[in-house]
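Below, chain A partners chain B and then partners chain C, in two separate complexes.
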Partner chain A sequence: MCIVQVCAAASSAMSKKPAAQPTLHKVIMVGSGGVGKSALTLQFMYDEFVEDYEPTKADSYRKKVVLDGEEVQIDILDTAGQEDYAAIRDNYFRSGEGFLCVFSITEPESFDATQEFREQILRVKNDENIPFLLVGNKSDLGDKRRVPLDACRERAHAWQVPYVETSAKTRDNVDKVFFDLMREIRSRKSDDSRAANGNVRDKVKRRKIKCAIL
Partner chain B sequence: MGPPPVVTGISPKEGPPGTRVTIRGEFLGISVTDLIGLKICGCDCLLSAEWKSKNKIVARSGPCKGRGDIIVTTKSGGEGTSTVQFRGYHESVGPMKESAVWVEEAAPPSLPWGRRPMSPTAYTPPDPLGLSTEGDDYKFPEEELHELFPDGSGKLSDENFQPGWYLLEHHSNTSYEDLKAGMVFLQRKVEGQKEGQLSFLKANTGAVMDQLDRLVLLKNMYEEDQRKNGREPLPSLQSAIEESISLADSLFSEILSRKENADKTREALSLLTRHKFLFQLPSSIDKNIKKKEYDLVVNDYTRAKNLFGNTDVKLFQKILAEIDKKIEDLKENLFNRMKTMPINVQEQTKYIRLLISLNWDGDAAWTAILSRKDYLMNLMNKVKEHFKKKEEQESNEKGRRKCREWECEGSWSATRADWCGAACGALASELHALWPLARRYFAGELAGQPTLPQRHTDLKEMIIAMVESFSEQMRSCLICTGAGGGAGPGAGGAAGVAADVLRTRLVANLRHLRDAYDSLLKLDLPSQPLSIVEKVIFDYRVHGMTVFLQRAHKRVKGLSEKETWKIEEFSDYGAITNLPHLLESYVNDALSAIHKCVLKSGRRKSPLLGAGGEPLAVLQRHTQHTLLAFVSVLRDLTMHHEDQDFNNTSLSVALDQRLEESAVEAVTAGRSWQQRLLVAGANAQYTRRRTLANILTAFENQKAEKRYRKIRIHSSSLEDNIAEMYLEYKGDPLVGTIEPSMYMGRHHTDADTLLDDARPYVYEIINNLIAVHAEVDSVCGAASSRYVRDICETVCEELARLAACAPARSRAAAFQARLEYSLLRLAVADHLTRKAENYLMEALAGLPPLDNEEDKNRMDNIIQGFKKRMELQLTSLNCNMETV
Partner chain C sequence: MSDINMEKFAVPEFVPDRYVKELTKSCVGGEELSQQKEKIQTLADETASALKKNVYENYMQFIETATEISHLEAEMYKLSHLLSEQRSVLTTLSQASVLGNDNTISRESLDNHDLEAERAEEQRKNKLNLITEKVEGCMNLLDVPDRTLLHEGDLLEIDAEENTALQRMHVYLFSDSLMLTSWISNRRGPMRYKFQISYPISTLAVVNVRDLGTVKQAFKVLAFPDTRVFQCNSLAIKKDWLDKFELAKKMYIEKENSKQKKKESLEKPKSESLDSPSLSVEEIQSPQIAPLPDWLVDATEELDVLIVERHFQKTYELMVSAQKTLNSEEFKSHPQRADILKRIEQKQKVLTEILLKELDVTHNWSPRGGLRSSRHPVLILNKFNMTSQACELFLDICSHTVKAHVKAVQLEGSINSYVNQVGEVFFCSLSDALTEFITLFPKNKISAFIVWASMQLRILMSQIIKQVFTPQCALESVLESVQSLRDQCTLFCEFGLDLRFQMNSCLRTPIIKALREYKEKVVDSMKTKVSDDKWTPVNLHTKASVNKFLAQMENLGLILAKYIINETWVDLSSSTIWFAQSVLTVQKVGLQLVTKDMMDVLDECIHAVFNSRLMLSIGNDSSYAQKNFKFILDTVMPLMLRCYKEDVGYDNEKLVTLGKKFGVNVAPPKKSNITKYTSNEYL
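Then we have the complex of A and B:
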């Protein structure tokens, strides 16, 4: 017992070393209220489907996952969909590395709202190629579908982002959206670091762009 | 130990104190009670925590500020970790915010000439841009500000003030136009400050003019004053003050002198009183002693000693000597009073205290303790003497005639009970007085001088001696054994007194003892004396138990006189009389009496019948005695008619002539002896099987365990004895008749002719067996087979013997013998044991076999004829039989 504890302590001490800390990918859930951002998050995090609706303010989740054989940490910021909180979104968006823009296929208004979110994200991040997934949730309610699939695909194509339909209830594609996004973030990060190491001018240029718009 | 809790989710991730937070994660406890700690940003939130599942807890955040981990602690997993953080912030309340408290709307108005000194650092204008500040809902995250301006600060007064920070913090959502307006506002303000004094004067011309007017007015008044009073106003003031002082002195001098006089007089008076007190002290001491106001005496005496103890005045010394003498007398007096018993503790304590305060030389308290002890010893002896005398007196009064009876009553008399009560009372009350006294003495409350260490042991010995003498007395009073032979006076006394009297006495005495013991317990005495008393009580309880058991023993012994031979019922084991029932009821009586009186143990007393304890052994022994006594009673009952002639009624034709007188005898005796034998046997069996089991259950009900093996053995051996005896008396004559009657027939037969029938002796045997069977069956019922079987066996044995002695020579004789044996075998077939069968086979084997058909047919015919003729007899012999 004692030895086990000592070992555990030792191993935990080891894992606390910064070298052992896996890469962190910061994912932000955006979308109108009630489209199922929290449901997707909770389904992904804890395999549970939350029936009752309780508007989110801003929730934070973080756990370790294995992404293509590599251990990484995913940090999910579940934001508020309600307009009441629109003002604080900017601050949140700033820290995000990838975005899941969620709408409900049963609710055209939420689909319309994705346009706004996209714009806001681009404005805040100032990056056309920010990792971004358009997610049509509630695919289990196919009979109540009011957003045609074509429209969704069209928009995704226009934005040059992937489109995935999910169901937080049936867990359909839930893991897929998070892992796809993380892959995007990862490849984006490796591009960035390559750019940082290799091409100094590129880096400067990027900075310049940032400054100009500010 | 399970895995430590990990918090991986928080909803929401920030909020003011009291925010309802949903915490998600893994291993957050396996039950509500498993969750033993919850800290959000270092604030303990366990009180508000609601454990939902091992993945979810709902709580409210505490008064924390800034970012911090959520640490869950569980019994099963210990202290956990957190991958997410919660940020607590305090909402500042502004004018636009709904709030329950009144808030001052702005900082105090900034008056340019305000009297309040204000440090520039303490005060910052609420809104230098003149724009309304934004609400807290749209706060720019603080940590980002830190990131953006690593060395900056958002405070206007700070050296490292960063305007960008300030703007982001307060106006991150303000439109550009508004900001421009703010800029203009700020510029205006700065300009205003730059303009300086002239503009200030311009703005406040009226006030400045007013102030000038006042100054002129002040100057005029001052000049006028100088003109009026000259340049030096002080000397006149000084003379006025001096004058007033002398006036005041003259006013008070009279009063002061009067006060002085009064003081002097008072002093003289007090001196007088003091002297008067001294001179009157002797008489007042006498008076107070007479009134028993010893406290007053002591007070006066100490006061006199203090006042005049060191005086040189002869007169005073003389008086003091007188007083000292009186006090010495008083001390003697008090000491004697303290020693004189009886006296209650309060008074004694009072005397001891007085003696101590009067500087008594000896150890007053110790003397008191000793005298109390002596008194108690005396008291005990006195009680003993008194009751002894009383007993003697009573026995004398009753005279010699009743002397023996008196002896009998012995330890159960009312006098003894009174004695016990009185002694218990005396012990309890005296120890009640002595023990607190001793305790206070050792606590130093009563010690005039330091307590000697060996006093403790002395006291202990004293108490033990007292308790021991008490226990000795009680023993001699209540538990007197061994004074007589055999059963002892206890048992004798028990028999002499009625059971209920016995019980009440026992209970009363026990109650006395227990009361005393309880009161000693309350005193908190050391365990040693307590255990002595406990032992007495215990012994007495054992004694009581013994008495009850002896009583039962005695009653059982007397059972033989109660046997009426009246059959009470037919049990499975045969007809029984009421003896077993009486035994059972006696034993149960004793048990219930024991249970009621002595078994219930009091406070701190060991259970009477603890495993392996002596009382248990006593109980077992006595019970065994009782049961053995019963066995011997049964034996005596059966055996003691041995001298009586055995009743051979209807046993044999040869003894036919005795039938008449035996019948008469049987009627007068109520029941024939062999019937009694059988009944006794049945009784024994019933006792063994049924009554003992009942008694055993009774014992188990009383929580006493018992072993009965020995009793069972005795009982069953008795059974066997009885059976054997019966068989002996029944079987012997029966067997005895076989040979004579066999030979009796042989004289009349021709040795060579084949007979058509068996000789009469065969019928005789059968008849006799029928008689035995009938008798046994009438008494023993189903159990009868055993007796009949045994008799059959002896009969067969005898036949075998006879056959061996007289082998059949001729064909006719052999035929006859074979016929006879076959018939007999047929008749008693159901009662044959293997041994009996062997005997018969042996007898048959000795005969030559039948060699011709004629003989065989003949034999068969005869047997068929026999069966037909004897059908009734055979049926009667074989009825009520259990097959072997």
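Then we have the complex of A and C:
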């Protein structure tokens, strides 16, 4: 993944136009159907809450945001919760840099399903430390809560990921999950580039060729 | 009068009758007509010779082409064999897949739908072919059997990072893949698009781009590691695309599911059949029998290949080793043994047929390989106990080669050199055939060769006799030809085959005929020669011709030095000289020409010639004639008698009686006579 980033940087540096576009962070929303992935995305994107439910296939959004004083772009891929074919899902996951794994605190099945999503993401990305947030949505429906907070925290701890509860309806923690994930992605990218610092130039040079091919 | 024009003949609608009519019309008188005829005749001759020359010039090319064709034929045979094999494999495969198909519909309903399905299939293929024509460097669209086009259209590709337009694309969505093609800016010909890449549906993820800043109506195709963003002209078009992608995905999933199911259903019956009791009898037995080695199982196929590749020796070896192995204790009771043996037997039949064909001269056999080329087929046929057939065919080939070799000898120069060459060639090829025959066939077949060889000799002799024993031929030239043939025949005896008797029996009749003809000729002209004789010495005019004459006579055994008078005159009449020459020639040549069984003919000829001369001298009283008569009786007759005895070992009784009748005392040859000739000639 770092390679892709370095490569992207190299290619933008190489192109005649100056890098007009700010850094792009690719976020993927995963989770069972109806847990509120699209609602969260739309709330984050447009500050509005869509009450009507319409199953998503795969939608993408892009937005310029200021992350800790730096202008960046966030690319959100809102995936289908009802995807019945795991192999197709892999294709989506491959393109992500960070994941918001969403479940509904009112629906234990959706919480159970996060396990499966987590495993699939780790398998596809082949990376234990992939930027990842476990998100319990619909926190505004506290009275209908059926997934205990302890269980959620326990799972997040086991995965060594942050756990955040959100409400797409009240916009509670919506910005937080996206920004936290972007921060993770950003730090991850800088870690990667630092790790490769010693031979970053070489890498860039070497990648140049590959970029041309891509 | 019209000249003969070649072009007239070349016209396709040339009618000979009409042409002749026109010609005769324009001609005045028979002479002109015959002139025309002559012209046409020469034209025909010229054409014929030109044709011959052409044929000769093209001969080498023809031979080359012929061999090339035969090579090609073999190759084609190989190819067709391979193809038929492949075909059978494919049919078995398709049958297998039909049986394994889950949704096997009954044959009838299949037939009902056949026409419709066929039309749809045709349409599908046409569509794909059309695309292939349009797209430069297009992949083979027909290689996936049920690929169909779901959607196509122009899209603008957007840079995934920069949101800037990249290029115009023409995108095809097939049931199994997405093909991206770019526009060819300066296109010529039917190609409109250039193939860029094709992604299988299974690796694709399509994302509806809801918001990409300024870019509207876009969708994303994720095909790791590529991310491609396309912009549509309208929302409807984008929706169409997304729907079609969804459709493709669904079809793919369905197909995968059915595959999965098929796999499961296939696994099930297998496990069932294992414990099905009906197969138990065979199942139990087979493990006890050692499995046949791979090469043995594949032997029949391998034999086919070897036969086709014309490795006949290897074919035979494989056959023998396979039969041997199958007959060994280990496989004596193997269930497949009989089957394989039967198949090998069939292959053996095929092989022998091919080999027999190979040896068959009438079946495009080429003499260029020589006898050696037939060695392998013969040896293998021998091993199959088909010696007689092989022998027959081999001898046919030998006949062919002998004929070809003899034919190749050019008839130029004297007849004698031709006969000499033909004889040489004939006996050489005969000896070649003999050595080859001895190495190839067992001893008991040699009689067939002897019969064949004498047959060949008879054929050759009948041809040569026609050429040599022409009417009015000189006895000396006949002798030369016959002698060269006899010499070669004697040389051939060194190979262990004496054909001299056969040769002499062939020569017997023509020799007798030639001798008798010669005798008739001499006897016929005797009368005129004697009656025309002026009974004076002969003037030879020059010293040189005298010497020549003396040498000639000495060659025949007569030393006439004392008959030379006044340097250039011979003291004998012309008829006497002629007679001496004739009769001495008859005896000298005849003795070498005839064999013992023809002695009576020779005796008869000598007697007749001599007798006719002696009878003519009666009543001729001129003193010079008497002197010549005396020369004949006193010098020629004893010389002949002596030579005869020296040659054959006994007296020529007939001539002795004749001599006695005319008062010649021959019994003890006079000593004075010995000096008159040299007997060395006859030793």
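In this text, the second predicted complex is superposed on the first by the 176 of 214 C-alpha atoms of A that agree within 3 Å, B and C clash if a C-alpha of one lies under 4 Å from a C-alpha of the other, contacts with A are read in each partner's own complex, and residues count from 1 in each chain.
Quick note on the criterion: a contact is a pair of C-beta atoms (placed from the backbone, for glycine too) under 8 Å apart; a residue touches a chain by one contact, two chains touch by 3 or more.
In this text the structure is predicted, and so the values were computed from the model without any measurement.
When the two complexes are overlaid on their common chain A, residue A:Glu48 makes contact with chain B while staying clear of chain C.
Of the two partner chains placed by superposition, chain B and chain C are both touched by A:Asn91.
Touch criterion met: A:Arg62 reaches chain B and chain C at once. In the superposition on chain A, contact of A:Gln160 is made with neither chain B nor chain C.
With both structures placed on the common chain, the touch criterion links A:Gln21 to chain C but leaves chain B unconnected. Comparing the two interfaces of chain A, the one with chain B and the one with chain C have residues 45, 57-63, 77-78, 87-88, 91, 94-95 in common.
Across the complex, chain B meets chain A through its residues 1, 8-15, 22, 24, 55, 83-85, 137-141, 144, 173.
Looking at the complex, you find that chain A touches chain C at residues 4, 8, 12, 17, 20-21, 24, 45, 57-64, 77-78, 84-85, 87-88, 91-92, 94-95, 214. Taken together, the chain A residues at the contact with chain B in this complex read 1, 5, 38, 42, 45-46, 48, 56-63, 73, 75, 77-78, 87-88, 91, 94-95.
On the side of chain C, the complex with chain A involves touching residues 161-163, 202-213, 220, 222-227, 242, 246, 249, 253, 256.
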